[in-house]
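Look at the two complexes coming up: chain A is in both, with chain B in one and chain C in the other.
On to the complex of A and B.
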């Protein structure tokens, strides 16, 4: 069953420097139990996209297009309706657990609040349930009443995950779940997310810039750049036969492939490059690329690439 | 626990320094008690012999250092001597006055604290909304109005024109209304601004987004997250307001002839009534130390980060 579907989704902000087109015409969908990973550099709009699904963006935002959860249009949903969906149907694991958790609440208390709200539990039931969930995410039993500042980065991230899975939502958004963690801890966290979401067949929307995390978790991969999806496909398609020059660049920039960085800097979300947004940095770009933005080229039922020369290089 | 002892020790040290400082400063200031008091009593400049006699009678002719030592020795046993002017024990006088001040303090805070919470929280809840704009305007206005002016205005309206309330005096609850009203205006305004800004600071934090992302209601987020996390600065502000009110609100007490500490202390300063000033300074310092200690202890309960740091 289709859980989330977006059509030409645009998310813009007004800023003193001009209109920020953080998400500019994005189409994607997530089916039941499916894990879709968004990969992109800092400032590619991937976090904004995640926050859009939750409608958690500041008030200076402008939405257009469609974003449908089951048969509900989220773009026009009221704050009250969103409160019911958030945490219960769609949950989120935020970036930076240290600042994203309340310093004055113990980790258990965080879960208790959510459980009381969405599961109609009383305080006692909620506490027992919160303990069960926290232990399931691998937090030692004697630390459940600790505060975030007393925990290590890995344990904070586990608490954040526990909060995300507390109410058995159908979709879990994870925004850079391994950011700022040691490599060994990163692997543990990835495995934890995998184990927990596979057990419950939870659909996921994962945001990362780490190709390793994407490969380990993703069923399908979307490559995001300048508010657009440049390439989307199954993990085998995108990693096995990448077609967009940007995707190829990203893969070659990975340390295991010899660390070849892509030339130039990520495009600004205010002054969007003319033509193909990647053309200023693309070694294959020609006059057409610089002038007219290419349409999505359909390579297979699942594989789409926004490049004129896909599968012809 | 260790923190409390450290704080107590520091508090005692502060009190000793405060009383020594006031002792020395008083002796360095021009004018002496004999001259001032005798002039007040007789209405004319006292002769040299009269002053000598006055000083001798009250053991004020011994060297400064001896006086300081003696005073400290007595003070340690909570004996602050007698007023040079009235010959009443300073302690007795203090507690009579303190009752009036305490009345004013507690009633003022009983009104201003809930009011400030209401204004502060509502205005932070809808930052930039209509209520926020109106309350910000009025709190700024209330903070800028001098107490003596507001007191006099109230008097003109309610005592002189309407003749509803007594303009001064002490004893009936009617006497309390205007002094309390004068104080409530300023104290509510200051506190509600602290509450608002502290709440806004917390409302812009990432963990608020998380709480929203968890679908928690606006009410829970405001109270359990924003207000709960703002309590630190709020308690500090209340503590300092409490201290200031207890130390005597000179202007309001003077305007309404309220027989509190502030008014009495100012009178003592005019007369250079050393034992009274000394005793009061020490006792007021004591109150500040105690209030600060309580604030600090509360702080550790409010903010878990401090609680564990100090262990």
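On to the complex of A and C.
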């Protein structure tokens, strides 16, 4: 069953410097039990896209297009309707667990509050359930009543994951779940997310810039750049036969492939390049690329690339 | 190591101040049990006795009233009144300040401009003006201290709530489906309270001083009511011959201010959640 579907989704912000087009015409869908990974550089609009699904963006935001959760249009949903959906149907693991947890509450208390609110448990049940969930995410039993500042980065991230899975939501958004962790802990967190989603058959929307994490977790991969999806496909398609020059560049920039950086910098979201957004940095770009933005080229049922020359290089 | 020493040190000062405050508060509450003499009984045959004579521990004043009893009963007014003033101010300021910050927009602008206007008056002049217009009495002094007192709390609560509002754990709380009321009571107020309580503890000290000074000037508590500032004021004419009359209420004021300030300092260390662990060990 289709859980989330977006059609030409645009998320813009008004700022003193001009209109920031953080997400500009994005089409994607997530089916039940599917893990979709968004990869992109900083400032490519990944986090904004994740927060859009939760409608947690500041007040200077403008939405357009469609974003449908089951039968519900989220773009026009009221704050009250969203309060019902958040946490219960769609949950989020925010980036930066230290500032995303209340310093005045112990990690167990965080979970107890969520469970009381969404599962109508009484305090005792909620406490037992909170302990069960936290232990399941690998937090030692004697640390459950600790405050966030007393925990290590990995444990904080585990607490965030516990909060994300507390209500058996159908979709879990994970915003850079491995950010700021060292490699061994990253691996543990990835395995934890994998184990939990395999157990619960949860659909996931994962945001990362780590190709390793994406390959380990994702069923399908979307490459984001400048508020657009440049390439989307199954993990084998995107990593096995990448078609967009940007995807190829990203893969070649990985240390295991020799650490070859992509020339130039990510485009500004205020002053978006004419034509193909990647053309200023693309070594294959020609006059047509600079002038007219290419349409999505359908290579297979799942594989779409926004490039004129896909499958011809 | 050094940081730890400082914390240990301030902690022991805080312990001392808590002991002093406890003794004072107990003394004030159980005043009738402690004092052998009534603070208002005039006995002109026992005027100006020096400390220790005839069972008058602190001696007597110009009307032969027991000074010890007057200081204990005076504490009822000084400490009790200042705690009331601070509590009213803190609650008022917290409500006004945090509402302004949370609602934002025009409400915030209006409230903060009122605060700015009140801030621009020198506080002592406005206090004197209010008491001057309304006439000197305990009630009017109480009112005058509240007119300006809530401003500090309101500004503090506003700035704290403004910065809290943008914290990602508030967004995260919305992300798990909390409504506004839940966010305010569960996430905002617990994070603001430590700072407000600390500020309040420090404020009690300065309020005791303000009440004493106003009473000393004859603008607050009126004679014959026992109050530290008023007692000082009565004693000033005997300053050179009978200094004990001015020393004891002076000590009472200084000691209470010292203890409340130390308590406030200690609370400030506790209020910082990052120091919590260091203090315990």
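Methods note: the second predicted complex is superposed on the first by the 313 of 313 C-alpha atoms of A that agree within 3 Å, B and C clash if a C-alpha of one lies under 4 Å from a C-alpha of the other, contacts with A are read in each partner's own complex, and residues count from 1 in each chain.
One rule holds for everything that comes next: a residue touches a chain if its C-beta (ideal position, glycine included) is under 8 Å from a C-beta of that chain, and two chains touch if they have at least 3 such contacts.
Computed from a prediction, not measured in an experiment: that's the story for all the values here.
Enquirer: Could you check whether chain B and chain C clash or fit when both are placed on chain A?
Expert: clash
Enquirer: Between chain B and chain C, whom does A:86 touch in the aligned arrangement: first, second, both, or neither?
Expert: both
Enquirer: Kindly classify A:147 by the partners it touches after superposition: chain B alone (first), chain C alone (second), both, or neither?
Expert: both
Enquirer: So, does A:101 touch the first partner chain B, the second partner chain C, both, or neither?
Expert: A:101: touches chain B and chain C.
Enquirer: Answer with first, second, both or neither: which of chain B and chain C does A:40 touch in the superposed model?
Expert: Neither: A:40 stays clear of chain B and chain C.
Enquirer: Which stretch of chain B would you flag for clashing with chain C, going by 44-52, 62-70 or 134-142?
Expert: 134-142
Enquirer: Overlap of the chain B and chain C footprints on chain A, residue-wise?
Expert: The answer is residues 54, 56, 83-88, 91-92, 94, 96, 99-105, 113-114, 117-118, 147, 149-150, 163, 166 of chain A.
Enquirer: How about chain A: which of its residues touch chain C in the complex?
Expert: 54, 56, 83-88, 91-92, 94, 96, 99-105, 113-114, 117-118, 147, 149-150, 163, 166-167
Enquirer: Inside the complex, what are the residues of chain C that reach chain A?
Expert: Chain C residues touching chain A: 167-169, 171-179, 182, 186-187, 190-191, 273-274, 276-277.
Enquirer: If you look only at chain A, which of its residues touch chain B in the complex?
Expert: 54, 56, 82-88, 91-92, 94-96, 99-106, 113-114, 117-118, 147, 149-150, 163, 166
Enquirer: Spell out the part of chain B that touches chain A in their complex, as residue ranges.
Expert: 205-207, 209-217, 220, 224-225, 228-229, 302-305, 308
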